[in-house]
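By letter and in written order, the chains are A, B and C; residue numbering begins at 1 in each of them.
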Amino acid sequence: MKRLVFSLALLMLAATGLVRAETLQIDGSTTVGPIADAFAEYFMRTNPGLEITVKKTGSGDGAAALIDSRCDIATLSRFMKDKEFKSAVDHNVFPVAHAIAMDGVCIIVHPSNTVAALTTAQVRDIYNGKTKNWKEIGGPDAEIVIVSRDTSSGTYETFHEKVMNKEELAKNVEYVNSNPQAQARVKTTAGAISYVGIGFVDAEVKALKIDGIAPTKQTIANGTYPVARPLFMFTNGYPKLGSTVFKFCTFYLTEKGQEIILAKGFVPVTNY
Amino acid sequence: MESSAIKAKQGTLLDTLAPAADSHRPLVLTPTEDIRGFLTLHLGRMALFLVTCTSVLAVFLIFLFVIREALPFLAKFSITEFLTSTSWYPEAVTPKFGTLALLVGSGYVTIVSIIFAVPVGILAAVFLSDIVSMKIRNIIKPIIEILAAIPSVAYGFFAVMVLAPWMQQKFGFSTGTNALNASLVLAVMALPTIISVSEDSISAIGRELREASYGCGATRMETIFKVVIPAAHSGIIAGIVLGMMRAIGETMVVWMASGNAAQIPHPWWDLSQSVRTLTATIAGDMGETEKGSPHYRALFAAGLLLLVITLCLNMVSEYFLIRAKKAGGKR
Amino acid sequence: MRPGVRIAIDKIFTVVAGASVVCLCLVLVAVLGPMLWRGGSAVVFKETVEFRKMQLVLFGRGDEDKIAAESRQAETARAKIYSTIEKFKGGIDSGNLIEKARQIYRQFGNDLRQTDQTAEEVAELRSVTRQIRDRLESAFASSNTAEVNESLAYVLNFKDDPRFKNTSAAGLIGLAEQYSKDIHGINLAERQRYYQELRQVEDILIELLGPAPGAATPALMMNRFGATRWDLAQKLLGRLLWYEEWIKQGQGQPMVRHLTPRSQRFAGTEIEGLFAYIQQNLPEMLKPRPTFYWQYFIDDSTPGHYFGGVGPEILGTLLLTILAMLFVVPFGVISAAYLVECASDNFVMRIIRMSINTLAGVPSIVFGLFGLAFFVLFFLPIFGAPSKGCILAASMTLAVLTLPVMIRASEEAIRAVPQTYKEASLALGASRFRTFVKVTLPAALPGILTGVILSLSRVAGETAPVLFTGAVALGPVPKSIFDPTRTLSYGSYDMAVGDKLAAMVPHNQFGMVVTLVLLILCLNTVAIVLRSRVFKKLAGH
């Protein structure tokens, strides 16, 4: 028994020195996460021996990982901030952005909510605490349960910038850590309101029209939806032509890549 | 004849116990053997002592590293603002790091869970030690140990997948992940600690006290409430404080089930509102902050705060446990 | 107080105390019950032919010939559905027509590259064709008869244009002609509604039965198979048979869900009878069969745990716990030995004991912070290892977490050995070291093992310390101890709140948590059994 344990330990330590297969490390946003997952699955299936690790903890972490050279590709649902760019250059990392898909930050409510359209100003009033009950804006008589993404998320940044005009959110806002969690909260809570990427809107939640424009593939693709945004993959410098990183970052231009992006609910950058 | 046989037996026994030594070991040691024995004894002790000191080293390192990461933040931002402001907006343009709402959230959830857990815990401990036979006690003990063994992520899972929707349906709360949800589950997690420590200290009270009380004509309930529990009160309080430590240090359950709204509930008694604790903030924000940024250091400062609080609680419970041991020993 | 009242209060109190224990048992059942029930369905459930196909493709499991035969049978049963839908679509499918128009345009673009016209001519032709295509698309998509006729008229103007005769662009004009014939007399508004609702029906059918025969293989594995479980199929059937809409009630009231049978929505068309047909023949189309999927515990999973099992997670948890135990057992036992054998009640000893108690009280998230700051960022780089989360860092953090538990349990075990053993051995002339190693330690071994197992179960269940030091939600099986790994504990958290696909497979969510809980409960049962044996052994002397 002791010998077995000992030899197991030795084996594991010895395995460190073995030749590894090619690896690709991807870190970052929970919005772009499903696309990265799907790309990774396709790549690992077509290139046996390639190993891809995908971490989805937030755009901020993706940027931090790229700066520390802990990952090969960082997925972000917002552009890199000034501080992040400066810090990257200080660490000898030169981030290059690839816009792989388009997304719209959709304001979602429970399907039983009579409200179907709001203006940006109304959403702002909800999130900074001025409007407290749905009946004030034409909905049922129920308290508004405000759900927001956590402050390090790219989706939050986009929402904060374009809808909130950088105002502070109310104190009683609930924070969740990911898009699916936000969707799950709204799905199960009749008075909830939240915002997710369009890839996370399904039959169990209702996306509102903002300023009269519904978030559809067309309105996001031509930018008329007020809260449309591109989704990015950042690499350190432009990837070497023909390398795996290059193929991964340009996969969104191929038909298969666009099929995957559409299957995940996002909008391909090109609209063949 | 007999003596030689005995001597032979002794010899073999000595061989198994001290095979390296000469079977005809003299009663006087040579100088080298003496020094060798001395060195091995004391060096051996030193080695063991060093190994034992790893726990001291570990505690020291924990404090060192947490303080080291937190210090730049504490030097730059004012500690009073850190402790008394309710605005936690770490990623805003002008970041605000006020942990009062988080502290209140932690405290709120802990106190409510203790309010739920203490009556049930003490009653159960009393039941197990005084009222029920040994056989039934040995059947119920494993149930409590199973409750203690269930990992916290399983409790968190239960809280968010089963308890939250049920609470929303049954009580019509606007949100199922709220302070009540987290408190209930934390109470269940703190119960085994409270029960086992209280039960130990109640059992340690000797029979004489109880017999004296029964001899005066008291009923069982009166004996328990007026004699046994006051006699064991140090141990019970220690158990409660240990339960509080478990509740305040718990991360997964509150992260999943408390809603994470950095607010102080508006009518303070409204449990159906969402709160946020220190532990959930650290766990939730850490993965996304840049290493070395003020937000990162603020999280370490929050961790330091948590460490200080649990240390104080630890010392309080130690004090009561020592008192309980003394009380139990006297009788 | 009168004695009767006091006795009554006493009896009430007994009942209340008993109720508290009953309450505890109920809580245990309430917590474990739903989880075990729903998690059990990850292993014991009714599988369908899609499940068997998936197992064959992903894991190479199953009899290929039998599965192929079953697939053929299922396909014959399904054929009627697809043919009916095709016929119906011919009349109303604008999406298909739009797609055809686009293909023709692309083909024309390719053809133009082969001809030898100048670049400007090519560009002009392309832009004109593009305009034709766009007008045609708006004609297909619109439900306003006047608008449609106007657009069609525009396109048909180019019928006799010499530039497009005999080229592939003539196809566009052919489409326009066909369309104007098809829509003659059809109510365009209904047509839009039929088209949209048919799209819904088709989407549900893809989820239920897999991609339609003849359609391209989807890029994502999860879309290549239909419903793999019978309970999932039943849910999808419900969505198929009933059309859900939300009806306004009154001012200030929330909307309510209203269900109408889909056959009603398509009343009078060819596919009205399709729904009853599907409902009756679903067993024939999916061939359900009860199964025991024990390979759940060894299979890898597709992203999001849509298919597959928790094998890598179990492996990760086991690796972490075994490595942590390797670190903690020597330190714990030796420290306990020192505390029992050589300790005297002086200042240093008090400090050591205080540290052990302090360590026991530190919250697990602070251990996570410590593990990140010390092991990942400081310790590993000293040895030249990359400064990222890995199994080594995580297990060292867990070892520090569980050290007090180990020390306490070992100390108790060593103290519980009767003094007589030690005295007898010393009397026979053995040195103190030999006494300890050969007499006390073996006697204390069951107790120490109990401590090891309790530490194991604590370590297996901890999530907060491994969050930043070694756990990932999605990643390959670790190749060495310098790689991060998936674990049951972090995986359960991620499945509960982090993953979008996880919500579609609740049996996998609960399955992972239940695997963790069962693993820990098994370890604890072993500990309880060992402990009763220890008591018997030591009490017998």
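The definition used in the following text is that contacts are C-beta pairs under 8 Å (C-beta built on N, C-alpha and C of every residue); 3 or more make two chains touch, one makes a residue touch a chain.
Just so it is clear, the model here is predicted, and its values are computed rather than measured.
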If you average the Cα atoms per chain, which one ends up farthest from chain B? A
Which chain pair is joined by more contacting C-beta pairs, B-C or A-C? B-C
Whole-Å distance, chain A centre to chain B centre, using C-alpha means? 38
Could you state the distance in Å from the CA-based centre of chain A to that of chain C? 18
Separation of chain B from chain C, taking each centre as the mean of its C-alpha atoms, in whole Å: 32
Please set out, as single numbers or ranges, the residues of chain B touching at least two other chains. 287, 291
Multi-chain touching residues of chain A, meaning two or more other chains, are 142, 176-177
Provide the list of chain C residues touching at least two other chains, using ranges where the numbers run on. 497
Within the complex, chain B is touched by chain A residues 57-61, 63-64, 67-68, 84, 87, 142-143, 145, 150-153, 166, 168, 171-177, 185, 188-189, 191-192
Please name which positions on chain A make contact with chain C in the complex. 5, 8-9, 12-13, 15-16, 18, 20, 23, 30, 34, 37-38, 40-42, 45, 51-56, 70, 111-114, 135, 139-142, 176-181, 183-184, 190, 200, 203, 256, 259-260, 263, 272
As the complex stands, chain C meets chain B at residues 6-7, 9-10, 13-14, 16-18, 20-21, 23-25, 27-28, 31-32, 34-35, 330-331, 334-335, 337-339, 342, 351-352, 354-359, 361-370, 372-374, 377-378, 400, 403-404, 407, 425, 428-431, 433-434, 438, 457, 460-464, 467-468, 489-490, 492-493, 496-497, 509-510, 513, 516-517, 520-521, 524, 528
Of all residues in chain C, which touch chain A in the complex? 102, 106, 218-221, 223, 244, 246, 248, 252-257, 302-304, 319, 322-323, 326, 388, 472-476, 479-482, 484, 497-503
Across the complex, what residues on chain B touch chain C? 13-14, 17-18, 40, 44-45, 48-49, 51-56, 58-62, 65-66, 68-69, 119-120, 123-124, 126-128, 131, 140, 142-147, 149-158, 160-162, 188, 191, 219-222, 224, 245, 248-252, 256, 279, 282-283, 286-287, 291, 299-300, 303, 306-307, 310-311, 313-314, 318
